[in-house]
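Chain naming follows the written order as A, B, C and D, and within any one chain the residues start at number 1.
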Amino acid sequence: MNRWLIVFIVGLLLPLQSLAKTVVVGSKAFNEGYLLGEIIAQKLTHDGFDVERKLGLGKTIITYEALKQGEIDVYVEYTGTLAQAILKLENTPSLNALQQHAKQEGIKILPRLGFNNTYALVISEQMAKKNNISKISDLVNYPDLNLGISHEFLKRKDGWQPLAAAYGLPYQPVGIEHSLAYQAIANKQIAITDAYTTDGDIARYHLRILKDDKNFFPRYDAVPLVRTDADPALIKSLQDLANHIDEAKMQQLNSQVVNDDQSFAEVAEQFLTDEALIQKSNTQDLNSPWQSLPRYIIEHLQLTILALICSCVVGIPLSIAVYRRPQASRMLVYCTGLLQTIPSIALLALMIPLLGIGWVPAVVALFLYSLLPIVRNTLTALLTLDPVMQQVAVGMGLTPREQLRHVYIPLAVPMIFSGIRTAAIINIGTATLAAFIGAGGLGEPIVMGLSLNDTTLVLFGAIPAALLAILTEWLFEGVERRFIPAHLRNTLG
Amino acid sequence: MNRWLIVFIVGLLLPLQSLAKTVVVGSKAFNEGYLLGEIIAQKLTHDGFDVERKLGLGKTIITYEALKQGEIDVYVEYTGTLAQAILKLENTPSLNALQQHAKQEGIKILPRLGFNNTYALVISEQMAKKNNISKISDLVNYPDLNLGISHEFLKRKDGWQPLAAAYGLPYQPVGIEHSLAYQAIANKQIAITDAYTTDGDIARYHLRILKDDKNFFPRYDAVPLVRTDADPALIKSLQDLANHIDEAKMQQLNSQVVNDDQSFAEVAEQFLTDEALIQKSNTQDLNSPWQSLPRYIIEHLQLTILALICSCVVGIPLSIAVYRRPQASRMLVYCTGLLQTIPSIALLALMIPLLGIGWVPAVVALFLYSLLPIVRNTLTALLTLDPVMQQVAVGMGLTPREQLRHVYIPLAVPMIFSGIRTAAIINIGTATLAAFIGAGGLGEPIVMGLSLNDTTLVLFGAIPAALLAILTEWLFEGVERRFIPAHLRNTLG
Amino acid sequence: MQVDSTLKAAVELRNISLSFDNQPLFKNLYFELPTEKITAIVGVSGCGKSTLLKLINGLVPPDDGEIHICGQQVSHSDQADWRRYMGYAVQQIGLFPHLNAADNVILLAQLEQWSSLSIQERLDYLADKMGLDQAILSRFPHELSGGQAQRVGLCRAMMLKPPILLLDEAFSAVDPITRMDIYQYFLRLQETEPRTVLLITHDMREAVKLSDYIAVMQQGEIVQFAPVEQVVSQPATDYVARLVKEHI
Amino acid sequence: MQVDSTLKAAVELRNISLSFDNQPLFKNLYFELPTEKITAIVGVSGCGKSTLLKLINGLVPPDDGEIHICGQQVSHSDQADWRRYMGYAVQQIGLFPHLNAADNVILLAQLEQWSSLSIQERLDYLADKMGLDQAILSRFPHELSGGQAQRVGLCRAMMLKPPILLLDEAFSAVDPITRMDIYQYFLRLQETEPRTVLLITHDMREAVKLSDYIAVMQQGEIVQFAPVEQVVSQPATDYVARLVKEHI
């Protein structure tokens, strides 16, 4: 009997093992990040890797830490960000120097993708032509131009003020919302604004990037990062992408996403095919949630099952250990009860400083939540056993351990199972919150769908979760049929 | 025995009854709204009313509906909002006409508090003096002034464009982030911007409001709204506030909150005392969460207990009704399981269109969540009864109902209680989410604390919730001691 | 209900067949329970005596055959209606653990809404006859000795004065002296207000002493069913002869 | 462990006192169980027979007094160590419902890590002696008849060949013929490999037939404890006389 149980559990967890061997592609949470992540993912898939996407992980530091700790295997970072925000270097070092620093952290910087996504000043093509302006230092001669500078750039330490000082620019710029600036240029309300060099709107609004002829702006070269111990085949595959995306290309790709409403997957595939980096696949829409559904479900199952196994492995023995001591039993019930009163989001949030993001804190949180039904049912079952059975078990000379193993637990099993089943179902529900901390699962389409107000996407998470609940019930019916003699079984299964 | 149970339950629910007779003061969720709500609440408290605060309810329409449906009894609205956003009137009617329209909806408009919170153009006092500008039409003569207009005002249908047209203003304004505009005026980057007439920063930045001499802006007079069937004493008390707050006063009060970091309660009390509307109380800090703690706890208890009673009253009989039919039992377990897989926030959100806000949807959601442990434990207990007991009960001629009433249920009680206790504890935890839909309870300080990043406030919700969980365990131990013979009892209580 | 005393058989089983797990126990069993007489069933352990009682009580439906009670054929579902007229003391005793001894006994009378006076009277009467004192009646089942519990079960079966009594080894845990008293009580009762009693026993002397008829069962068949004297004097088979010889 | 057969008493209770709910049951009870003899306890239902067995087995701690097993005084906690050497068949039978009959019987031997061959041998031997066939052994307790279950319980108590056997009305649900076989078995066993047996019974003839000594108990006191013949020929009290008279 036990053998079957182990086979069953191992079988269920196998996907976790196999997933652990895939390449996990990460990204930060903004359009260019998503797009570069998707490009890398498709390239790797094409080169035969088993790819998992963990795109949109959040802030720089979370994504970087995820890479360092092996939760993702590759993501695209900018050299400037790496130098300043991550490695905390004062001035901007060369790529080689950066490579040295990164190596000490176990990180390898791969060759540049080809573009430098930094700040720039942009001017309308028309105005530039008319006045023959092509570089920032040309501006010194046109003090009458209206400058509308984004609030962020105005406020940055390395923003407007040092720039103006470096070039000796004679302007008093007006602060403007970045999203309105291009429109303002189009309306001729302002002539010049700041922008990112890869902004998809630059081409759309026919703007010219003024050359940073004094090299004022630090370089933000896009580079894939991997760990130093990365699979050489992975590195090889990623190196193929080197120098395939210049600023204009990146602008165009960004624009396809933002202005032409194409999906990241479509744009990425188009790009890779155009550059002959992959052959065009015949599959349908790559971005369809149908494609991700198996992953959602497997992740969800893994979270739930791992947490459930933990709480069985901890909760049942703990209950058994204390059930003869009323004070200890009471404490156990109180403590597991207290855990329940922490709202789930708060608990998940609490986990982050302790355990970071990903599936570990999610499993821990789920584990803590599923303790109560298991502990209480185990205790109640053991404490309300038929006293004659106890008398016989003791009277025939079984040791306390044997009494439990051969009499009390078998008799308590239907009730314990009832607790485990309740815990499992509650877990399936609560696990949908795991997506908030990047643990994936069916919460991912739900969270995405809620934030995009896309009901279909929400249902892509909600319906499988509901079906999982029913499947779980069936599974437990089967397990009970296997392990509990018919006459002792909760006959509804 | 049953008598005691009833007395106990009624005793616990009594506060709900008494709270239902208090006056509930609502507000929308922005500073001025909170402040006016607090002023009204303190005034009513001073006049002997039992006041409950439901401040920060959210958008206009939620707050208005809450008033109409009796969930709150009074809140402050602006006549312009009332006319346009709520009653959907085309042009701005007189207060009398508005009163007529509102009456048809069962709403009574009380006399104006005295200020008109509308859009205005502001200019620095210094510049105004220098150029002798006091009204908007004066601006026609100064086409060289820089205008920085907020993006929102630029985009509004009744914003900048018609204003400029109405006054024939010769400006091409620059869009600016409202929060930066005052600073920009102070820095002399712009001369004029738009503002609300009661903005606390107007005084702080020494700005002058330009008179709207063509009455372009609709009036947004602050008026308390009550239902037409409101207690005359309540109306009387609210009328005392009429004309006590002009624009300058409101600016000052807003500024005290925003710039001087005083609590709403402090500012409100200061104002009411200054205006001799109430006598200064000797109590300590009114805003202390200690003061609200009893209400939080009582609301939380009510939510939890009501939901628990509902799920007992529904879940136990339902389980008993179906337990002999395996198919029906299975369906019941599946359905209660499905409910568990809906994430709690989604379920609460789902309730709003059906049941509005407040404690009704919260209780319904909690009720649905607590069904599973109760249903499953009841079913399991009934299905794993000692077969000899069943044989005897049937064989001695008990009807199915009598078998249940006198044999099966008494024997199943320890297990059923175990389910109820699990449900109760889970409920206490989940009820903390009820604050999201205005149902109050210990979630209120938690939600507030999380959004203000105020750990102490969070603990004001979390610690009592944890204590409640322990209290609940004690209570159930007592109840079990009362209803279950010692030898059948889950001895850990 | 009153059992029609002119009727020869209060209970009649016709052509009953019953199998457990495809193991036939009864094949075309015919059995009739004489009205207002005490009938004892004896037989090897596991031959089907308790199962016969369950058939009569309707706890086990027959695979085939007819059951007549008081002259009417009853279906398995009808049988429920007859149960209150059949006191049934099961072999495992089966007291309800959540009720004390007295409450176990009076449960049916309470459900029949007897006055508390008549309940108390009947309880006292039965307890006295069965040698149970007040202290014992207020104990919970797990606090009773085996014989005390068995007698409480007997009182419970007899509480409503049922015209038919089914007793499955109802005296086996009672000591000989108390048992004598109970025999006396039954025999006297049978003279004043006769009941139809079916009792299972392994004590041939008990069978001889108490009953009017003896049915000897062997592997699901009734091998002899006759008045006591006849069974003793003319045992039908070797098995019956051994039974009689060893124990009288 | 072997009981030292030179020892007069395998078990000795000295000055035992025990109360339930402040109702004294035993007051300064003295009892010794003769080594390698069969001793029967008879007495009124509820006089404390089963409780005496529980005291010996250590299931119930005495309020006061000493218990000596094989000459050593044992405390309540020590008693646990002795239990495997005392086969104990409880009055309620108490088979484990999740194990079938055979598994109930062999559980202890499995825990003692007997070879499966010797387990099977012992099981077959006992089942044969108790008249249980293979079909019965594979049934779950709720599928057994009362007498079958009781015999399975008896096998369970005897599985480990314990030198001391405590039998609480262990034959009461067994039919007379099978019971005769079991008596024979016990008597023959007692000649070849004698055990210390304490059996509770309400059947005086059983007591006389099986045992070497009879202890008569009345309200928590042993009123006569003597070899069988002596109890029969010289009953110590009226009560004993009645017992003897009515049943022999």
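Going forward, a residue touches a chain if its C-beta (ideal position, glycine included) is under 8 Å from a C-beta of that chain, and two chains touch if they have at least 3 such contacts.
Note that this is a predicted model, so its numbers are computed, not measured.
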Touch-network distance, chain B to chain D, counted in steps: 2
Farthest chain relative to chain D (centres taken as mean CA coordinates): B
Chain-chain pair with the highest tally of contacting C-beta pairs: A-B
Distance from chain C to chain A - Cα centre to Cα centre, in angstrom: 73
Chain C and chain D, separation of their C-alpha mean positions in angstrom: 29
Inter-chain centre distance, chain A versus chain D - centres from mean C-alpha coordinates, in Å: 69
For chain C, residues that touch 2 or more chains besides their own: 92, 142
Shared interface positions of chain A, touching two or more other chains: 387-388, 487-488
Chain-level touch network, classified as line, ring, star, complete or other: ring
Interchain contacts, given as pairs of chains that touch: A-B, A-D, B-C, C-D
Footprint of chain B on chain C - complex, ascending: 54, 57, 59, 80, 82-86, 88, 90, 92, 94, 96-98, 107-108, 111, 140, 142, 156-157
Footprint of chain D on chain C - complex, ascending: 20, 23, 42-46, 49-50, 91-92, 131, 135-136, 143-148, 151, 168-169, 172-180, 202-204, 239, 242-243, 246-247
Residue ranges of chain A touching chain D (in the complex, touch as defined): 388-389, 391-399, 402, 406-407, 410-411, 484-485, 487-488
Chain B residues touching chain A - in the complex, by the definition given at the top: 146, 148, 151, 172, 174-177, 180, 184, 189-190, 323, 326, 329-330, 333-334, 337-338, 340-346, 372-373, 376-377, 379-381, 383-384, 386-387, 414-415, 418, 421-422, 425-426, 428-430, 432-433, 443, 446, 450, 458, 462, 465-466, 468-470, 472-473, 487-493
